[in-house]
Amino acid sequence: MLDKNGIAKRIAQEVRDGWYVNLGIGIPTLVANFIPAGMEVEFQSENGILGMGPFPLEGDEDADLINAGKQTITAMPGAVYFDSATSFAMIRGRHVQLTVLGAMEVAQNGDIANWKIPGKMVKGMGGAMDLVASAENIIVAMMHTNRAGASKLLPSCSLPLTGVGCVKRVVTNLAVMDIKDGAFHLVERAPGVTVEDIAAATAGKLVIPENVPEMNIG
Amino acid sequence: MAISKTVEGPEAGCAGVQSGMTLMLGGFGLCGIPECSIAELVKLGAKDLTCISNNAGVDDFGLGLLLQKRQIRKMISSYVGENDEFERQMLSGELEVDLIPQGSLAERCRAGGAGIPAFFTPAGYGTEVAEGKEVREFDGKPHILESALTADFAFVKAWKGDSAGNLVFKATARNFNPMMAMAGKITVAEVEELVPLGALDPNEIHLPGIFVQRIFQGTEYEKRIEQRTVQTRETA
Amino acid sequence: MLDKNGIAKRIAQEVRDGWYVNLGIGIPTLVANFIPAGMEVEFQSENGILGMGPFPLEGDEDADLINAGKQTITAMPGAVYFDSATSFAMIRGRHVQLTVLGAMEVAQNGDIANWKIPGKMVKGMGGAMDLVASAENIIVAMMHTNRAGASKLLPSCSLPLTGVGCVKRVVTNLAVMDIKDGAFHLVERAPGVTVEDIAAATAGKLVIPENVPEMNIG
Amino acid sequence: MAISKTVEGPEAGCAGVQSGMTLMLGGFGLCGIPECSIAELVKLGAKDLTCISNNAGVDDFGLGLLLQKRQIRKMISSYVGENDEFERQMLSGELEVDLIPQGSLAERCRAGGAGIPAFFTPAGYGTEVAEGKEVREFDGKPHILESALTADFAFVKAWKGDSAGNLVFKATARNFNPMMAMAGKITVAEVEELVPLGALDPNEIHLPGIFVQRIFQGTEYEKRIEQRTVQTRETA
């Protein structure tokens, strides 16, 4: 079973040289820590920076330089700042090759719900709806089940949607799954996790190929 | 000869704001917010305001200050966390909230300033954001029709500016400020540094002064950091 | 009767302190020469400058600094450069207070035709359609009649339109006229021109008030 | 680590351009045009091109060079004067021409790059530009629906740029270049000065490198002036 860093590490393997990547808040943010040195990848934060770097050294933080999670950050050489309209022009115009974000629920048709729980305080969708409606390549990073132990991989979402039919791949603490033809297709097992464990934790339709290799996350 | 927009300070900047008006306020989180204008709006006490701003501040800073005084009737935002008073007013029904995807919010402000009354975007299709909106397919992909936003006043904050209203922003403090400046009937810019006319390179200006009606030199910027994340010098 | 400079001089009287003004090619360009010193007015050229100044001194011309007529220009203190989308955002968004342009024909309902003569080479509308569709305040600067002596102020335009019902005022070599309620309303006569001269040269409906003062262009 | 877009020169920049493709070319008149790429396109000899460019150059410079070689089948522009060969081909029916209001052209390119498939604009309502287009009233004023433009290749010219594709333009040579860069599937930027990564202030960049796929250092810029208007030193 993977921890949050493990999930991030596995997702980092999906990233290709030359890609612009938008990482959501939470587990997705950790993905940046596992990109191989020398790989040409730039991180976009939708509040207005391309070429986002790591957190600043103590004392170097700048109130004017934050990411979409409102955390203080730094800028890499070649970075650029821009306004919010330009930022979402990049996203909507499909100039960002990969979006990684968290979810409360993912459905077997690729629907995602991650912004609203009826009856609870709604904070808003931020940029998530723009991101999922636009990106060609959306990976969801999340735990396979919620705190109550219920599957987050469902036949259909019960919560209000963030986007429809958009998620291509899900990486959880248990497995890597692709979404196609209305089902979750098991691709890899997390270390020490059996296909039966995964099947038991997946409420949606799960297609299990003959051979399900264990992840190699080094 | 350049048109002079300089006014004395936040009092002159906010003159004319009245109860019931729609205001836009730049900033993302607490980054790049018009601190001085917000302080003045609290003093002015206008009520029943509709505020268009990506966020709603925190309890004791940013738009939270207007919420505390119950000056806001409706918020139009993309994300409103980090604010207990906001939550209380929203749950009690005192405060109306219209949540909009962040990219649609940015584009709707730009459209408002650019004379584009409506445009199609894929964002929000199939969600409750699309309810009541026209849907149309382009290249086989469904999009929804979103309309322009404008405001009686837009309050923005820049790093540097000149008397012609030309603005330069710093780093990610730019965010929504340029589009909101475009969309305000009266746009009030506060700047950390008001420089002499001609001191800004015309190539480096982010927002042309034509979109700004009033500009003043702000003072005592707190520039509060919402999430101070750092690496300790030992680990780096 | 006014010459081209006279028309420009009369139009310059329409300009108010604090206005952004877009001047078309030809007579409109001359208006800039008659703005009183010290008046706070900025000229926009739709190819991407606000704060346009006079032509450069010999030897100072810069291929990268031109106006919409492709003429070399200079920038005033406080000038700013921008891209074409931002430029027309200003125009369409009604941030420019006055547009002055030439016309082949103007109709009594405010229609304007100035870009195309069927059967002749069509060069294009450039920014004219955006300007006339957007500006709140459009003044046409032109000769009252064409080279063949025919009136350019018509019951309706015969040429393909540039914009509909948009012209508010026309300043010609003979007169100043406002357009409202489907008619040209005579406001002023050019020096030495009689109301009868104007009526004879105006094919469209002309409303003549009791008192038509002669222009004072100093 | 920043993504490197640098290629050797115009040959590498234009690699892949084929007959029948749609190209965007930045510039207004002869100001800010991608001179080196145009020269290379003439060498390459691809035919039946659709060229989206505000203007069509003059007889012996800019897009006029491609017209001379009869490489262009269709021009999409706002103004095409100043070119006798253009006129000849257009009147003879060899060349198809689609004339678009300048602001609509700029906004349609931006929309193409920004994932906005269509938008409403007042420009052209009631004229032949509106023929066949949807009309809708907003605030009592009629608007027409215009669609996004994209291109197989966009060729743009900047003043300075870095290996990440970040661009800075000079004065009014900016014009259509940023929006066309946004709208190209493959965007090729040529620059007067290719500076080291990190040499551009991230605040001063006009076009983020994400919109650029290839960048090269141009050479031998002629930067021809179309209308040299000056004041003599005596009269000034």
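Labels for the chains are A, B, C and D, by order of writing; each one numbers its residues from 1.
Here is the rule we use: contacts are C-beta pairs under 8 Å (C-beta built on N, C-alpha and C of every residue); 3 or more make two chains touch, one makes a residue touch a chain.
As the structure is a prediction and not an experimental result, all values here were calculated from the model.
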item: Furthest chain, CA centroid comparison against chain B; value: C
item: Centroid spacing, where centroids are CA-atom means, of chain A and chain C in whole angstrom; value: 55
item: Rounded Å distance, chain B centre to chain C centre (Cα mean); value: 36
item: Intercentroid distance (Cα basis), chain B paired with chain A, Å; value: 28
item: Contacts with two or more other chains, residues of chain B listed in rising order; value: 107, 110, 114-116, 121-122, 169-171, 202-203
item: Chain A: positions in contact with at least two other chains; value: 49, 75, 81-82, 85, 88, 91-92, 134
item: Complete list of chain pairs which touch one another; value: A-B, A-D, B-C, B-D, C-D
item: Residues of chain B that touch chain D when the two form their complex; value: 107, 111, 114-122, 136, 138-139, 143, 147, 168-171, 202-204
item: Parts of chain A lying in touch with chain B, wherever the complex brings them together; value: 45-49, 54-73, 75, 81-85, 87-88, 91-92, 111, 121-130, 133-134, 160-165
item: Residues of chain D that touch chain A when the two form their complex; value: 1-4, 110, 112-116, 162-164, 166, 182, 197-198, 200, 202-203, 205, 208-211
item: Contact footprint of chain A on chain B as seen in their complex; value: 28-32, 54, 77-81, 87, 90-91, 97, 99, 101-107, 109-110, 121-129, 159, 169-179, 206, 223-233, 236
item: Residue numbers on chain A that touch chain D, as the complex places them; value: 18-20, 37-42, 44, 49-51, 75-82, 85-86, 88-96, 134
